[in-house]
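Heads up, the next two complexes both have subunit A, just with different partners, subunit B and then subunit C.
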Partner chain A sequence: MLSKCKAAVRAPQRAVQCVRQTPIAISSIPHRASLAPYHLGHRHTSSLPPRSPELTTLTPKHIAQLRTLLPHPSSVISTLDDSAAPDDLIPFNRDWMGKYEGRSGVVVRPISTEEVSKVIKWCAENGVGVVPQGGNTGLVGGSTPIHDELILSLSSLTRIRSFDPLSGILIAESGLILEQIDTFLSKQSPSFIFPLDLGAKGSCQIGGNVATNAGGLRLLRYGSLRGSVLGLEVVLPDGKIWDGLSGLRKDNTGYDLKQLFIGSEGSIGIITAISILCPRRPTTHNVALFSLPSYEACLSVFAETKTHLGEILSAFEMFDRTSYEAVKKHGGARRVFEEGNEGEFYCLVETGGSNAEHDSEKLTRLFESLISSSSILDGVLAQDTTQSASLWQIRELCPESLSKAGKAYKYDLSVPVEKMYSLVEKMRERLRDVGMLRDDGSGKVKSVAGFGHMGDGNLHLNVVATEFSDEVQSAIEPFVYELVAQNNGSISAEHGLGSMKAPYISYSQSSTSIELMRRIKKMFDPKGIMNPYKFIT
Partner chain B sequence: MRPTLPRLVNILVPVKRSIDYAVKIRVASDGKGVDTTVKHSMNPFDEIAVEEAIRQREKNGKLVKSITALSIGPPKAVDTIRTALAMGADAGIHITVPESSVVEPIAVANAIKKIIDRSEGENKFDLVILGKQAIDDDSGSTGGMLAGLLGWGQGTFASKVAIADGGKVEVTREIDGGLEIVEGKLPLIVTTDLRLNEPRYASLPNIMKAKKKKIETLKPEDLGLDFTPRFETISVSEPAKRQGGGKVESVDELVAKLKDAGVL
Partner chain C sequence: MLSKCKAAVRAPQRAVQCVRQTPIAISSIPHRASLAPYHLGHRHTSSLPPRSPELTTLTPKHIAQLRTLLPHPSSVISTLDDSAAPDDLIPFNRDWMGKYEGRSGVVVRPISTEEVSKVIKWCAENGVGVVPQGGNTGLVGGSTPIHDELILSLSSLTRIRSFDPLSGILIAESGLILEQIDTFLSKQSPSFIFPLDLGAKGSCQIGGNVATNAGGLRLLRYGSLRGSVLGLEVVLPDGKIWDGLSGLRKDNTGYDLKQLFIGSEGSIGIITAISILCPRRPTTHNVALFSLPSYEACLSVFAETKTHLGEILSAFEMFDRTSYEAVKKHGGARRVFEEGNEGEFYCLVETGGSNAEHDSEKLTRLFESLISSSSILDGVLAQDTTQSASLWQIRELCPESLSKAGKAYKYDLSVPVEKMYSLVEKMRERLRDVGMLRDDGSGKVKSVAGFGHMGDGNLHLNVVATEFSDEVQSAIEPFVYELVAQNNGSISAEHGLGSMKAPYISYSQSSTSIELMRRIKKMFDPKGIMNPYKFIT
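Take a look at the complex of A and B:
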């Protein structure tokens, strides 16, 4: 229907806006000039860990051996045997933000778990460092090489092995794109949902999601992947395949080994398939956006919302005025509230239920209560799916719009919810004190913004600077990590450690914990070939 | 003819409850229609019509006396009327029909005419703003039929509407290669196009207020209307499925495939 297509121009769907550049198709890199050259990135070569002499430097002879292991012609792409130009490897060597870049000469793309096993066995025998890579949408430099490590892309492992519509248990391979698998589940009858959703869904891969224990937008409702993942298939650092693809919800026999691999960021093995419990997709949805005068008001609205909505509450997201202004300016979002009703804070509430009348009754009671307590300045309720998508888009465009407003330093912090926003305020104070944040906008820092998953006590702190520089970075770090430690928080709520936060783990973990982690790493990967220089170092 | 302005304008906005525009349409199992057990919302073009009526009042408060939303549909169409009321319409009229009954454009136009004919005095409707088409049946004929039945002028596919003193209305229409500006006099029919405006969100205080606004419920018989369809739907089918593409691994393979296909 033509009219439907036309209407789409007015309000593009939420998913479309979130697609990040995927590294799979080499041709998807639009133009070289649009990618930041390495020397402009805020990681400087001086701060990189030195290349380990223990790891082998690859030669054309090695590439020839890899080709015999993986007979498929496009499974090995290398600059070492001139089968690829250096440009061809850029999408694998560089992260999507243009912030991290390695100089690997080879990408291998196995098409089965057995092939992954063969490659890893060969790497172990030859002492070759390996970086596993999914959609390369991470934010902490965990999926790109530091030096010349071999890149093992999981993009070709894309089979759905089984789905049981009675239990909702899905067994699927790592390289499947999150949005694809969610679409597959939504088309089942009855319709199911993947218990994870995040902005990068159009290019991130489920194996990478599990390997980094991604959090995202549905965590409030469905819990973390640590609860929904039932089992894993993992290629261990010696090449052995561990088949832990359990389909059991309950299994109290020994250590829960899969938990070690969830969030391990490729440091002790490569996840090749996952078994995950998928809930039924809610059939009714509502999205409301509130404008609020203060963070205290956000807290009281959060409490009231939980009271009134109970089990149908599926998301409670927050963003501040600075983020909202950035979205209006750089993300093209239109004004939701009249000017006089625009507050310092905004909260997005989503419900998902199975009975529209029931949901509507609960929402009505919540609205009555919010209006009578005057804790909100204004609020809107989406009247159709298009409006729901437009409201979600404002929240989802926060990270991207702040990146467009300047050079954004991004921190993903976890603190008790009542202290969440104080981190933003303290950061502003600090940057004002050192003269970087000025009221007239002439400072090296343009703005400090906060948004995040309020339901999970997860703040995304963004410091928007005019340039990435050592000076700005040292004004923020380690101050921000100290601040988090003082509040008993975590320096990485959902983004992981990667190479960015590996040096700061001690702000969130005790020396005993770190020592235990080192021992686990050593036991699984005695040769230190798995995703080296990152995570636990 | 009724006396011309100065007199306050009463706007009637017919709104249709249709399948939400973001929902993927599936053919019903009997092959005679589409699956209607999915989310419904106000037809997007009607949403634009409601927004336009409210904007006219905001722009020119002295001119507009009332905005009434009218819907012909099953019991749940009352939600669509409530949406219009939450956006800013003053009152609603609901002509109820049984679930899944088909009301053809001519029947809709006749019903709107009845509602206009029965209004009188200072409450007489003199401006009807409605969507240029509904996204479910894409008929796009109600506006034109209504103008014909009433003998009123019409400004169709409006991308801009300006009401001046004296009852003159200027309607800008998007046509191939440019804009056409037509001028008419009240009473008038205006059908809305996509770029006329961007409908507002319904605010919570207004949603709560809308619950208290009056909706008059009528049956077709009350107005002496007969909605029996004149047409019978013989079959509804999906478009032919697109053949999926394939990936080739090398230039040689591509050349071979092109040769097979007889292209090279």
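Take a look at the complex of A and C:
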């Protein structure tokens, strides 16, 4: 941690000022679940895929059978045998945004991999559709039912099976909440860090993170889960348990099966435990936030940052003025920069290294260079971990704050970094053209915001509307996907397909790819019981 | 580059001495192909899988058909129409070690992806077995035929299709030799580095590297190809071209199909081009070599190195005295340390950073710590790039030098790092017990050596024998695989399965895994024409 702000980094007019020693007061991030009260969302019934006649409709007799498989009394709750009221199932049937909602009558919560296996075997034998559910913090409707599928919640699989303090290899069950693991490591083995971090860390579960190949805030430094995850335990669609919990960094004996399950969104199996390599925690940290006049300035600061910080750069995040205003209004963030120095864009830079003095010198050189090139309007450097956390929270609060600002349509797009922000600009233009975005604020769309992981070319585009409606949606889609396809991008960089993007996969994947994916799905799940109507259909 | 050896790192008795300014003279690494003269190896006919009656025996008529598909005169060479003498096909039929040899009568060398597609479509229609071949530098008999399969050489696919100097994304065809790409980058865009490096870089082809998921010398810093490779172009077993040449760092739209092909060893398709993310080349480099008394000392130096060098550590390699003696005798390396300071083990440490002064300080602290803890016998630090290359060559020459020392049985094993060297010791014990390894050198086994990528827990175990024979082999196998299985390791960390390890996969994979792999193979290649008798059988 830098002990003081270097005089050398100040410039006469555009000072890289210190963050006040009183930490910036931002209310701590509420869990997603508590952010979104369970009001009934708009159910896009018109665009829902029809219920498959192949899948069994559950009856009280089925529930009785499930109870024999899972003897613990709270492992099965159902409206079919009156062990639950319809309201009890709403937190499972509806997503946190209130955008997706199914009508399942039963939630099962197995307490072991063997119980998951028993349930899935039973579902396969009885032709029952299953939705695996972790923290239900997804953004594409992947973890809630479409119709009346059985919901299998992983939330009772919460054991840390082992942690090796020599190698950093952690074996843990799927239902553990990401923050619990972070806390476990901080306490038990503070020299290691979990390679994944997300705004939803207080609610999301690690099994769901792996099943959706979550990206998040540490990807630039530690790479994707495809590299960190060493092995998996998976219950296959016939109920068989695949024990692939390897603890090896290198293993070239056959196809890397775990890669099929990472990011498979419950379509070919249910991840019940993961083996993951935790990297060494950097011993020194710095967080800086810059205010910038334009996206071009962001690009130039990004290039300069990579040059000066090299191997200690651990995150480079961007958010625009619209996002920042939402965080100030709905997230409780105080102003960081003086009004005259607030720009159209903000970049958060984090470093992680092993020598505080070296890191400080590298940062100082970066600041000097940024000031001399006039790329930034202003900049602040956190003085302690509390201030670092406060700066991070501004970025982390972007998605939630925009959801509080209205009904937020969320798109998670990947295009070459130099074209990233043009998607926001083109979306604004489009919505102005159709009269939904108006200068006087009277339109059905209140604002269009962009933020994201600039280091990975990953933009989160948010369209904040007054309502979730087919009209607004059809003004955005498929326009947004066409834009992405024109730029050879991905319509889902990290959020997955779920039910939201399943119909649009052809904007990012060729017909040959889709055909191969369908064959893989069919091979693993010939009865089509796993998370039906979503992902690959 | 450190400009001079710091006085501070010297200790009274065990000095970390400078490498002489005259670089250590080690002959440059010859290409593998030129190292191994094509003498006839021992053909383990007794253990060969029988020829499949399902696969077609080629006739001159077939060769004529192939010539209509590939009009370029040198694209088809065959003993069946006398366009080639049997000797012409030996470099394709036999591996570089002279250990594996098939009897194919035809080699095709398509010059484009479309031509590969035509050949494979024809093979599928005619039930012809195909062996895809890159640089033929593998160690497990994966790229040579077992019987009379058609050999499809990728060596004429050598175009660099594009390189983006902003993002570092390279799209290149499979037949390019690794060193050619390194040279291309050094000349065209020296701020980027190819994320893979291997001793065989002068001969191996990048398509083969990806098809075998090669690990190599840069894995510790840049991770595996599973992270660096962004996309692939693959000709599928029915001849269809799958264009998955994505240029995106993040894309969660469906199963990550490319992962199935990475490391698939030609069993489900032929990689014709790759899209790969080249990381930024560090601007500062250092290479040090330490002499150590024991493997325990290696472990302790490894731990200290990680602590002191943190984010700048880019490689940590180990080799034992037996390997080093072979390099001195057969690789032309001069002595680095004084005789009294030569130890039982050697560790090579490389750093890559962005600030020479910072790196130098970190190294100095490491040296001071190593000297005060008496972990090392001696150490040298390269003073310039020539000396760095010389130190690296000692490590890189280990495999070739041991092959020159006799008939080297090579095993590529992955176990937890603390148990890594015990495999070498147990193998010596075993071979002494059966009377093959004798103190007077009269046994059928001359020596047992170990070297490898300590940073990845990956040991290369070499048993140097007087001959390749069933007797020696059965003294080693399956003993060595049992040892690995007892330690929950992998019988192939980076070399793959090929024909050598295909029969032993169950030492590293469960029956459920093998069953899933067989189903995947069957799904992609129902006729079993792709690289038959190997990998997953």
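Criterion: the second predicted complex is superposed on the first by the 493 of 537 C-alpha atoms of A that agree within 3 Å, B and C clash if a C-alpha of one lies under 4 Å from a C-alpha of the other, contacts with A are read in each partner's own complex, and residues count from 1 in each chain.
Going forward, a contact is a pair of C-beta atoms (placed from the backbone, for glycine too) under 8 Å apart; a residue touches a chain by one contact, two chains touch by 3 or more.
Just so you know, these numbers come straight off a predicted model, no measurement behind them.
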{"item": "Which superposed partner A:T512 touches (first subunit B, second subunit C, both, neither)", "value": "second"}
{"item": "Comparison of subunit B and subunit C by subunit A residues contacted", "value": "C"}
{"item": "Partner chain in contact with A:G127 - subunit B first, subunit C second, else both or neither", "value": "neither"}
{"item": "Touching partner for A:S74 - first (subunit B), second (subunit C), both, neither", "value": "first"}
{"item": "Touched partner set for A:Q387, first subunit B, second subunit C, both or neither", "value": "first"}
{"item": "First, second, both or neither for A:G98, with subunit B first and subunit C second", "value": "neither"}
{"item": "Partner chain(s) touched by A:P478 [first = subunit B, second = subunit C, both, neither]", "value": "neither"}
{"item": "Contacts of A:N252 with subunit B and subunit C, given as first, second, both or neither", "value": "second"}
{"item": "Intersection of subunit A interface sets (partners subunit B, subunit C)", "value": "none"}
{"item": "In the complex, subunit C residues that touch subunit A", "value": "166-167, 212-213, 215, 219, 223-224, 226-227, 236, 240-244, 246-257, 259-260, 262-264, 280, 282-283, 306-312, 352-355, 358, 361-362, 414-418, 456-458, 488-497, 501, 505, 508-510, 512-514, 516-517, 519-520, 523, 535-536"}
{"item": "Subunit A residues touching subunit B - in the complex, by the definition given at the top", "value": "1-4, 6-7, 9-10, 13, 72-74, 284, 288-289, 334, 336-337, 364, 367-368, 370-371, 376, 378-387, 389, 391"}
{"item": "Touch list for subunit B against partner subunit A, complex", "value": "20-23, 39, 41-42, 44-45, 47, 83, 86, 133, 135, 138, 194, 198, 201-205, 207-208, 211, 249-250"}
